[in-house]
Amino acid sequence: MTEIEFLLWVRGPAFEGATVIFVLGVAFRLLEILMLGRKANLAEARGSAMLGGLRTIATRSFPDATTHKRSAFTHTVGYIFHIGFFVTLLLFAPHILVVEKAFGVSWPALPTPVVDATAVVTMIALIAVLWHRLKDPVLRFLSNFQDYFAWFLTILPVFTGYIAFHRVGMSPPTLIAIHILSIELLMVVFPFTKLMHAFTLFMARWYNGAIAGYKGVNS
Amino acid sequence: MHYTNPTACSGASEDVLTHNVLPLLHEIRHALGKWLESGDPTVIDLRAIPMAPGEEDELLARLGSGEIHARLSALGDSEIVETAYPGAWLVTHRNTAGEIIGKYIEVCDIPQILKAPQEDVRAGLQRLQTQLG
Amino acid sequence: MSGASLERGIHALKEQIDAPTATFFSACVHCGMCAEACLFFTETRDPKYTPIHKLEPLRKVWHQEYTFWGKLGRALGLTRPVTDEELTEWETLVYDSCTMCGRCSMVCPVGNDIAYMIRKLREGMAAAGHAPPGLIGATRRAITIGSPMGVKLPALQAQIRHMEEETGLTIPVDVDGAEYLCLLSSMEIMNFPEYLGAIARIFRQANVSWTLSSEAFEATNSGIQIGVSEIARELVNRIVTAAEKLKVKAVISPECGHAYMAIRWEGPNLIGRPFGFKVVHILEVLDQLRAGGRLRTTGMETQRLTYHDPCQISRRGGVVQQPRNLLNLVAEDFVEMPDTGTMNWCCGAGGGVSSNERADELRLKVFNRKKAQLDAIGAEGLVSACSNCRIHLEDGLEEYHMDIPVLSLTETIAEHLADRESHEGKQE
Amino acid sequence: MARDKTLGEVLRERGISRRGFLKFCAATASLMALPPSTVPAIAAALEKARRPSVIWLSFQECTGCTESLTRAHSTTIEQLIFDTISLDYHHTLQAASGTGAEDARESAMQENWGEYLLVVDGSIPTANPGYSTIAGISNVDMLRETAAGAAAIVSVGSCAAFGGIPQAKPNPTGAVSVSELITDKPIINVPGCPPIPVVITGVLTQFLAFGLPELDHLSRPMAFYGTSIHDRCYRRPFYDRGQFAETFDDEGAKKGWCLYKLGCKGPTTYNACATTKWNEGTSFPIESGHPCLGCSEPDFWDAGGFYQALSIPTGDLPRAAAYGVGGGLLAGAAMGALNRVRKNRAVQAHEKVTIDDLEKERKP
């Protein structure tokens, strides 16, 4: 297999396959979760569950001062790597092009040097996150293989994208192929690991806010 | 034969492009300083620097032209023009078809190619001697 | 009847797991932020007290029973089912070091309601025979005697007489068609009978029609603490039966956190039908009276007072603003602690921890959190609205040699009633 | 023409002045992206270089490479150099034909065994040797035979270098590149479809002056193929700023914005087009408003479409997503139903927990 054949396989059948698994997995997981159902609350409501849920989806992104102080590192670096990841993912012109070609929607891109710098910041933040996980007693205690695996799968596309952009070490088609492959890996594993939180966090926040909102509490 | 490129030309009038003009002018400024200080010449290959259509013209316009304008005929014409800044020369080599095969900014007292090469002098001397018999 | 067994425990967990539970476990990223929200962690720095970790048996059952990969993993022998040993190990985490205060549920960045799941896990733990002995004892007394502290009707009657003498008022019992049925916690009956006197005086002044029930006076519910819905249902049913029999419009939950949770929020769900009457917390009633101009007070407390939000009343119950309105009525120097209202720190004794002697040392240790909060504002008096909190706050303050009186909000209001006739200033 | 003369001597005999030679050396340095300071070294090396015998073999090709090389109407210094080499066999250009032509090749090989330079354009069919023969000799045989005595091989054009268009899917002739058949000789690949004319002569000049040049992983001379089109492209600032032409006739295209979205392969293509340019230094494809096809890269014909960027998925993603949603909902519903059954079973198996149950199995 030549490098172009490899790239074509990665861009073609492999990406299609990864898309199928990703979408299938997410749909499957969501049904698997939601079909477990929830009992109706018979207590007289004090507030709106729906509004409480929607409210918490928004407010849970902004912790109170004490929580921020007590988890400053997790919170700050967490914000940096999440924003960095999504900026590189969604505002880099070639990435937008993928969406545009596939689904016909597009939006303006950021200047390439900005995305480049963001990718570096993201990788630094992710490395800091790993260091924190290894060093902090609570995180070390909680962490299992999946946590490290998910970390690896997250930094991998950023790293492969970075070296592909700068064309370091290998031929550009191989670098691009490896980059796309790393994304496919992320897509395939996504629904079945904690990466799924990208979807479930909205549901979790909604449930949390709805449970509280029903009782008239802003959670 | 010279072609014009409509796409390139229409592009030139639009947005700023590579932004290489100003850095180049600064490089020439440094080179002139270096020449005065240590006598080290500098040659800048203009074709090795990406420039948008129109940018090279802008650069040349800003350099202007000075007192010397030399033409060299050797395997095609070459132009050696002193810019408005003495010591900074624009050297343009063409082949016999008039195609540009090299374009340089040289910073020195006199570009190497203008100086009479020893072996040509020797050959010329021989020819003269032969003629004089 | 097979008695408690691992199998029954697992079955119970399988029953308990619902869509929110599955969502929460799926969303957890192991960020560890819940640890910093839990006083059992902040005051010990022991990672095993990380709230999400306390749920591990429940998570395992969910994963192995209700997820594709979990089922596959089990079929292939890659994961082992939850064992009895594991539950033994988790027993102290689930009962001794969690008050179901729900503070972790407020900070989880993905929005997991951890307390909601602890409540569910306890159903399995109890069915598997892993409830703490202290809590089992309290529950047994609640079922057989009628009160977790073993208080019987004669004891209540004695306190009624005592309060009638002290206030000069008649305390109504079993009055048909009264507007409100007042419940009490056994803690109030045994340790703080002044509460009864206080509501008698306040209701007299505000002209509220109320009654006690000789059949259902106990508001607390060990069932929801230990995690046995059947027991909790039986205890709630006693109240529902009495309320319906007396045809009251509303039942007043006393100054007790989990009692409010049990009767107000869990009650209808436990018995499987909505109530025909309202359930209100005493603070809600008082604030309504205040808003309606029916609560006239005189004089102000001058010392620096602060308010300890009982978790089940504010964060988990929704009564947050009312106590502040009431305190502003009678306190000149009312200061909020840092992290107040729905973000208040638990006293450390809720969720059955106070009935669980095994946890005594731990709960006093983690009281240090409350100490820090009080130190931060230099409080001279601590007002709360939960007898269980009060008892533990007093314990804790004594342990840490802090000379701060702990007051009941209802009693404090009663002491400032404008009505001379019923005002008989009792200072402590 | 005597073979033992140096290039310098030959040039002087032809009346080329020293200044002319220096001018040529400067142009060569510029071409090879070498700093002007290296001109004296190039001059010295070329001065002493001896003109080698060159045998040029054309296999499955379109003659575009030869066209490219001979395209200029007037004599250029490169062509002078080219004339200076001894092109002993080039079946398209040579006057001789038939056995005479083959005799020329064989005698050149014999006279210069082990020293001649072999230039190849076109790919070699392997599916059936009969697909392409010269004088009844199959391309494979001729290549093997001629390569055996060569000092080095220059594969000119993408066909000789990488298989090129003949090798494009489905590759009916089983076309292969030179390097797939010859592994025991130094091979310099000069890909491009066609290669830039001055790059062909430049490589030969470089070979004359310095011997085997520094090559990249695809055996291309670093001097000409060391940087990507993208890195030397004057439209690069638009890429960096995220300004792209979306169609060939939109505002962006008119303003000369980056052609990445129109499938430009500049970022993955290594060649000198952006600086050397084409048609007597006039322009290059991107300057003319067309994306780079990546013709100097392997498999450029099969790389997923000229007008699709190299990183774009080629599959039908909406269809894939639709299958995913369908399959996921189906499987999820099945799993969900199973879960409900499981949960209901647990509910049915529920035995009332009484206070006596709790204390039964107390552990110490």
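Going by the order they are written in, the chains are A, B, C and D; count residues from 1 in each one.
Throughout what follows, a residue touches a chain if its C-beta (ideal position, glycine included) is under 8 Å from a C-beta of that chain, and two chains touch if they have at least 3 such contacts.
Only a predicted model underlies this, so the values are computations on that prediction, with no experimental measurement involved.
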item	value
Set of chains whose contacts include both chain D and chain C	A
Central chain (distance from its CA mean to the mean of all protein CA atoms)	A
Distance between chain centroids, defined by C-alpha means - chain A, chain D (Å)	38
Inter-chain centre distance, chain B versus chain C - centres from mean C-alpha coordinates, in Å	89
Chain B-chain D separation of Cα centroids, rounded to whole Å	32
CA centroid of chain A to CA centroid of chain B, Å	55
Residues of chain C touching at least two other chains	17, 66, 68
Touching two or more other chains - residue numbers and ranges from chain D	335, 339, 343
Per-residue overlap in chain A, given as positions that touch at least 2 other chains	28-29, 32, 34-37
Contacting chain pairs - touch in the sense defined above	A-C, A-D, B-D, C-D
Residue ranges of chain D touching chain C (in the complex, touch as defined)	335, 339, 342-343, 346-347, 349-363
Touching residues on chain C, where the partner in the complex is chain D	1-5, 8, 11-12, 14-15, 17, 65-66, 68, 88, 126-127, 129, 131, 133, 136, 139-140, 143-144, 226, 228-231
Parts of chain A lying in touch with chain C, wherever the complex brings them together	28-29, 32-39, 41-44, 46-47, 56-57, 60-61, 63-64, 66-67, 70-71, 74-75, 78, 136-144, 147, 150, 192, 194, 196-197, 200-201, 203-209, 211-212, 215-219
Residue ranges of chain B touching chain D (in the complex, touch as defined)	1-3, 5, 7-8, 10-12, 14-19, 43-45, 47-48, 50-53, 55, 72, 74-76, 78, 93, 95-97, 99-102, 104, 112-113, 117, 119-120, 123
Contact footprint of chain B on chain D as seen in their complex	12, 16-20, 22-24, 26-27, 29-30, 33, 35-37, 72-77, 80, 232-237, 243, 254-256, 274-276, 279-283, 287-289
